[in-house]
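Naming follows writing order (A, B, C and D), and every chain is counted from residue 1.
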Amino acid sequence: MGFPLLSSLIFLPILGMLIVMFLPKERHAVIKWTATIISIFPMLISFWLTWDYFFNYAGEAAMAYVEGPLNWIPILNIQYYLGADGISIPLLALTGLLSTVSLLASFNINVRVKEYFAFFLLLEAGMMGVFVALDFFLFYVFWEVMLVPMYFLIGVWGGPRKEYAAIKFFLYTLFGSIFMLVAILIMYFTSEPHSLNMLELRATGSAMPYSLQMVCFIFFFIAFAIKVPVWPFHTWLPDAHVEAPTAVSVILAGVLLKMGTYGMLRVSWPMFPEALRSLSFWVALLGAIAIIYGALVSMAQKDLKKLVAYSSVSHMGYCMLALGAISSVQAITGCMFQMVSHGLITGALFLLVGVLYDRAHTREIAAFGGLGAKLPVYSGIMVFFSMASLGLPGMSGFISEFMIFVGAFSALSKVMVGISVLGVVLGAAYMLRMVQRIFLGEFDQKRWGGLFEINIRETITVAPLMLLTLWIGIYPKPLNDLMAATLENLVNLMAR
Amino acid sequence: MVEAGVGIIFWILTFVIIVSALLVVTLKNIFHSALFLILCLFAVAGIFILLHAEFLAAAQVLIYVGAVSILIIFAIMLTSNMASKKIIQTNQNALVAFFACLMFLVVTLVLINKTGVWNYSTRNLPAENILTIGKLLMTDFMLPFEVVSVLMLAAMIGAIVLAREDKA
Amino acid sequence: MLYYLGLAAVLFSIGLFGVITRRNVIGILMSLELMFNAANINFVTFNKFILNDGLTGQLFAIFIVVVAAAEATVGLAIVLLLYRNWRGINTDNVSIMKW
Amino acid sequence: MTENAYLIPLLPLFAFVMIVFFMRWNEKLSSGFSIAMILISWVMALVVLIETLGRYGEPYEAFYYITAFNNINFEIGLLVDALTAIMLMVVTTVGACVEIYSLGYMKDDPRFSRFFAYLSLFLFSMLGLVLANNFFMIFIFWELVGLTSYLLIGFWFEKKVAADAGKKAFITTRIGDLGFIVGLLIVAFYAGTFNFGGVFDKVASGVIPAGIITVAGIFLFCGAIGKSAQFPLHVWLPDAMEGPTPVSALIHAATMVAAGVYLVARIMNIFVGSAEASMVVAVIGLITSFIAATIGLVQNDIKRVLAYSTVSQLGYMIMALGLYGYDTAHGHHSAGYVAGTLHLMTHAFFKGLLFLAAGSVIHAVHTNDIQEMGGLGPKMKITSVTFMIASLSIAGIFPLSGFWSKDEIIATTLQHPVFFVFTLLIAFMTAFYMWRLCFLTFFGKPRDQHRFDHAHESPRVMTWPLAFLGFLSIFAGWVAIPWLPHGYSSFVYHGEMHHAAPNILLMLISTIVAGSGIVLAYFIYYKEKISADRLAEKFRPLYTLLYNKYYFDEIYQFLIIDPLMKFADFMWTFDARIIDGAVNGTAWLTILWSNVKLWFDTWIVDGAVNGSGWLVRQGARILRFLQSGSMQFYVLFILIIIVVTGLIKFEFIRIDIQWPVITVVFVLGVTLLGILSRLAAGKEGTAQRLEQEE
């Protein structure tokens, strides 16, 4: 075993947090740059992992870069056990990238700078940890660790209703976590000898009696569904997104939501095949409802950020639809694609909304109009991502949606998929309405004459997202190959 | 077991020591206290001789009586005003302290008394007291000896540094 | 032997009393010297009556004397310093290390 | 050259990239580069056409990249057959003409470079669409042309109508694409491949049930309905005329809207496999064609008339293709395929020309309303002449190119009487409204003197493309003259080659019908023998209905958009009130419960805690006297403790209580002692210290 790359993904941000904590409080610039530069290292490591995995491990489904298991709390058989495979690697890279990008986008934070950046790095550590943990206890710990900085980031630096949003987010997620904890405990006491090793528990789970499988599956599902969020557990999301500062919204949309779907793929799907088989239809149904419902609700929004937030609900609905199509590798691959692409696109949309908000101090769609003439570059980028979000070919959103549809069509009720496709039209409708009302039409010179164009730092933050969106959209094969073996294995596990 | 002559001398010395020690701690004039301290230390040197520690007695006289006491007197003369006898030389703890010390003394004495069996030595001390000490210092106690000399040096330097007038 | 020990105990108690009650720093130093002497007496006594061989007790006493001398030196230097800074050497005035 | 055909779309893409990133600040450079690229593409398309002719239309297929994915192939490849070659030619020709024309038309626009960038991007997508060899790729380019269409319609986005029109176009076509996607899903599921050849093999081999083929065909046709503006999704195309006129000419007349027709022709094998689907196609085409033609009769906006004419002609082509599928499914021979594709080509040329000429007129008089024009013929010779050539062509007058294609379509409908009658009726109406346009615009007296005085012929960059397209409008159809031994029909065909015998009677009928339409227009709008107003008065309800385009927009607004928005609002309220309300309600209940607990906590549990805290505080107030800072005091303290410990330890005092009690009593006692001693003397000491400090 070589250098513990996965551990360093977790502990570098923590180290960074400590460093930031020891910096003098008033030196804002120093703190900002330190945090950003530190966060570049995990990003580079995650990129290197992607690269290395692609060339050396992508063909096999086994865990790579395994660290441990080291006994951590031996009396409970809790281990420090990390590993990565085809479904965690892309998400790690996404996390690394988005963390750096959002730190870069946080440079306009001016109150309690030190705390903000320290929390942010802690958050990054938590997210990385969730994606690499192979021990349930460890997984749970990281899952919760991430909540705390999130709570403060929303609650301290958020918008006008930040306290409400933060508490709602925290309690809601915690509510779900409790179910997860119970399910973990059930698993723990069922396994013989008692174990918390996720990979070993797959065998335990599938050997459990049907009723117990159902209970565990549903408990896990509630925990993860709240995080995704699956309709009808989604109402924390618009509040949290809208009140959170820009960078935090980016992380929320880009990474946190993925943890729910990741959890399903990593934990509950391969563990309880029987329960999964009898419930997969309902999962897909929830997904289909979320697609249509999210799109409709976001059509009715007047607040730009809320619109994007509800579009997240709709987009994560695609993931759920795909997760319901358990027999199709294509759908599951599409789900992974959608996770990555939603992270990129919605992350970028939030960044851009933040850019506009910084200048105009309002997010009301009706307040704008004709910005295309005044801010051509900004409008161009925003239109680009709107198009990506509504699934224009040549961008990642299209690839993922199409894969999901193709896969789901073969595995699920045709009518349901047919109805879900409506989401594509509705998506076009709300995105275009938004674009039209903000960028097209008459320009109000008196009110918005003072707006200025997107600056270099902001452009740098969205540029990588743009490139990746295009890359995945035009040449999705590498990403597909990266995950193919793992997903095939997963589908086989689900089909047990 | 104490021989008669030695016994008389011992009691005299004891008397001197206790009285002068009491005066040291109670006299209002600190200068007088210092003088009684010298007397007390002399008497202790006598006790040492009684205990066959001739070299120690000599060292006691030289170092304590000769050096330390002079030093103290110097310090007294440098610092306080001897003429002002009004200064109360004891603080508000005196009463409590007195009882506490008395109790301590009682406890200690009773303890000494209660320890019934002492493991007396049968042999006598080496005859050539000074010779032996010298040998021991250069052999078995080499290291402590050196350490003590370094300590002395450090104390010296420290004293100089502390007592130096600030130029500023 | 018990008398010697008794003497030491008395001397020690007196020294202790002095340390506690003296207002003057120099007075405290002098009381300390008394306590050292009490200890020395003990050492020498035990050396004479208990120790089977050698002069370890006396050697210890010698070291104590030396250390006492050093302590006196430094202590007095501190006294001088205090005097210069505070225009007085009463301990009451040095008790700034309290709440 | 054919093997390098992929360069044809890539060159405009290159132009787009170069303009966006490097040239956008230099208008001349960007427009010049863009035109150069499309001209090279044009030359290459020409070479490809000649090579394909040399192979007698033998298809050429190339694969560049295939990835198998859960038994479905995703691939990127080229398919060049005769249809493709001709479409390439059409697109590049019209594209080149339009770009050159735009040099003049868009001259003073602030976003000049961007216009050329968009045009290049569009040409890339369109050419890619034409060259695609599988459903997946065609869908990708399908969406991309939709995007560029959106961008170009909304090019003058400061105008709200333009922005609205762009959005409407995108969303409406997207509704069609919805069906297209479902069709693709069906194809992928049942055929397991997206490749045209592969799918057609599966269809032909009968592996796929007939019902599925019908459903798939109809769903795929939905895409064409959206893109080619067929009933009931035709409403976006007239609105799309808010875009710059060159855009209307290129995208909304000649190429993109033809993509739907191209798609139907391309996947003809599926329709051939299902008579029902073909019939749906044919009927939709006929309805569209008829509706659009009737609306076109009464419109006053020159571009809208042309737009409805486009819709109508597209319906024609679709109908012809549908009838071909229907006939072939029943084992008859039919000229429909040849007719549809031929009309696709000729229509592209003359409709492009019509729009460009109309643009030239609009450029001169700055209005779209034909009621404000009139008598412009002498002032704008080239424009008016070319416009009239195109009008003759679209009306189907011998021997212009429109005649040959239209004649073929009418020939196709011979076996279907209903279709035949309507087709002739539409041909009549087409001739009528086109010439109504001509007479009102170029002949008679000027109705708005001010605008008339202002009018002038357009610059040469605008008239030359007109002349070139005029040339094509006359001669392009000649390739299909039935007496030619190796004409169009021996080159572009589906299934087996079928050489129809020329039907002179039919040609005569169609010419007479078209001619009578022109004559009627002549009497009404030139000679004014029959008053148009009186006619309108007489048929007031019909006129109103037509003038308001059968109220399609209003019906959609009322039946679909409004309910949808209401529903969206309702969902939002539902979300905020019910779902979120449930969450918040739970929170409220929890808070209520916790308030009860809070009371309990405050007074009982916390009371205990606070009480102890209070105790500690009070104790600390006393105890702090212990911390005197006086060394001597500490020593005394230690001494006392040692003494007491000694007393107890060595049993001077016998206490028969447990050690904790002893400890407590002992500590308390010592503490009190110390405090007392401090208190006794504390004030004095403090006072002294204060004195010293002063």
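Couple of notes before you dig in:
Everything that follows uses one rule, which is that a contact is a pair of C-beta atoms (placed from the backbone, for glycine too) under 8 Å apart; a residue touches a chain by one contact, two chains touch by 3 or more.
Remember, predicted model here, so these are calculated numbers, not experimental data.
Chain A has the C-alpha centroid lying closest to the overall centroid of all protein C-alpha atoms shown. Distance from the chain C centre to the chain D centre is 99 Å, each centre being the mean of its Cα atoms. Spacing of chain A relative to chain C, judged by their CA centroids, is 74 angstrom.
Averaged C-alpha coordinates put the centre of chain B at 106 Å from the centre of chain D. The distance from the centre of chain A to the centre of chain D, with each centre set as the mean of the Cα atoms, comes to 28 Å. For chain D, the set of residues touching two or more other chains reads 632, 636, 639, 685. For chain A, no residue reaches two or more other chains under the stated contact definition. Residue positions of chain C touching 2 or more other chains: 16, 20-22, 91-92.
Of all possible chain pairs, those that touch are A-D, B-C, B-D, C-D. Taken in their complex, chain B has these residues touching chain C: 1-2, 10, 14, 17-18, 21-22, 24-25, 30, 33-34, 37, 40-41, 44, 47-48, 51-53, 55-56, 59-60, 63-64, 67-68, 71-72, 74-76, 78-80, 87-91, 93-94, 97-98, 100-102, 104-105, 108-109, 112-113, 118-123, 125-126, 129, 132-133, 136-137, 141, 144, 148, 151-152, 154-156, 158-160, 162-163, 165.
The touching residues of chain C, when paired with chain D in their complex, are 16, 19-22, 28, 86, 88, 91-93, 95-99.
For chain A in complex with chain D, the touching residues are 168, 171-172, 232, 234-236, 293, 296-297, 299-301, 328-330, 333, 370, 372-373, 387, 392-394, 398, 402, 405-407, 409-410, 417-418, 421-422, 424-425, 428-429, 432-433, 435-436, 439-443, 477, 480. The part of chain D that touches chain B in the complex is made up of residues 632-633, 636, 639-640, 642-643, 646-647, 650, 652, 673, 677, 680-681, 684-685.
Residues 1-7, 9-18, 20-24, 26-27, 29-31, 33-34, 37, 40-41, 44-45, 47-56, 58-59, 61-63, 65-74, 76-81, 83-84, 89, 91-92 of chain C are the ones touching chain B in the complex.
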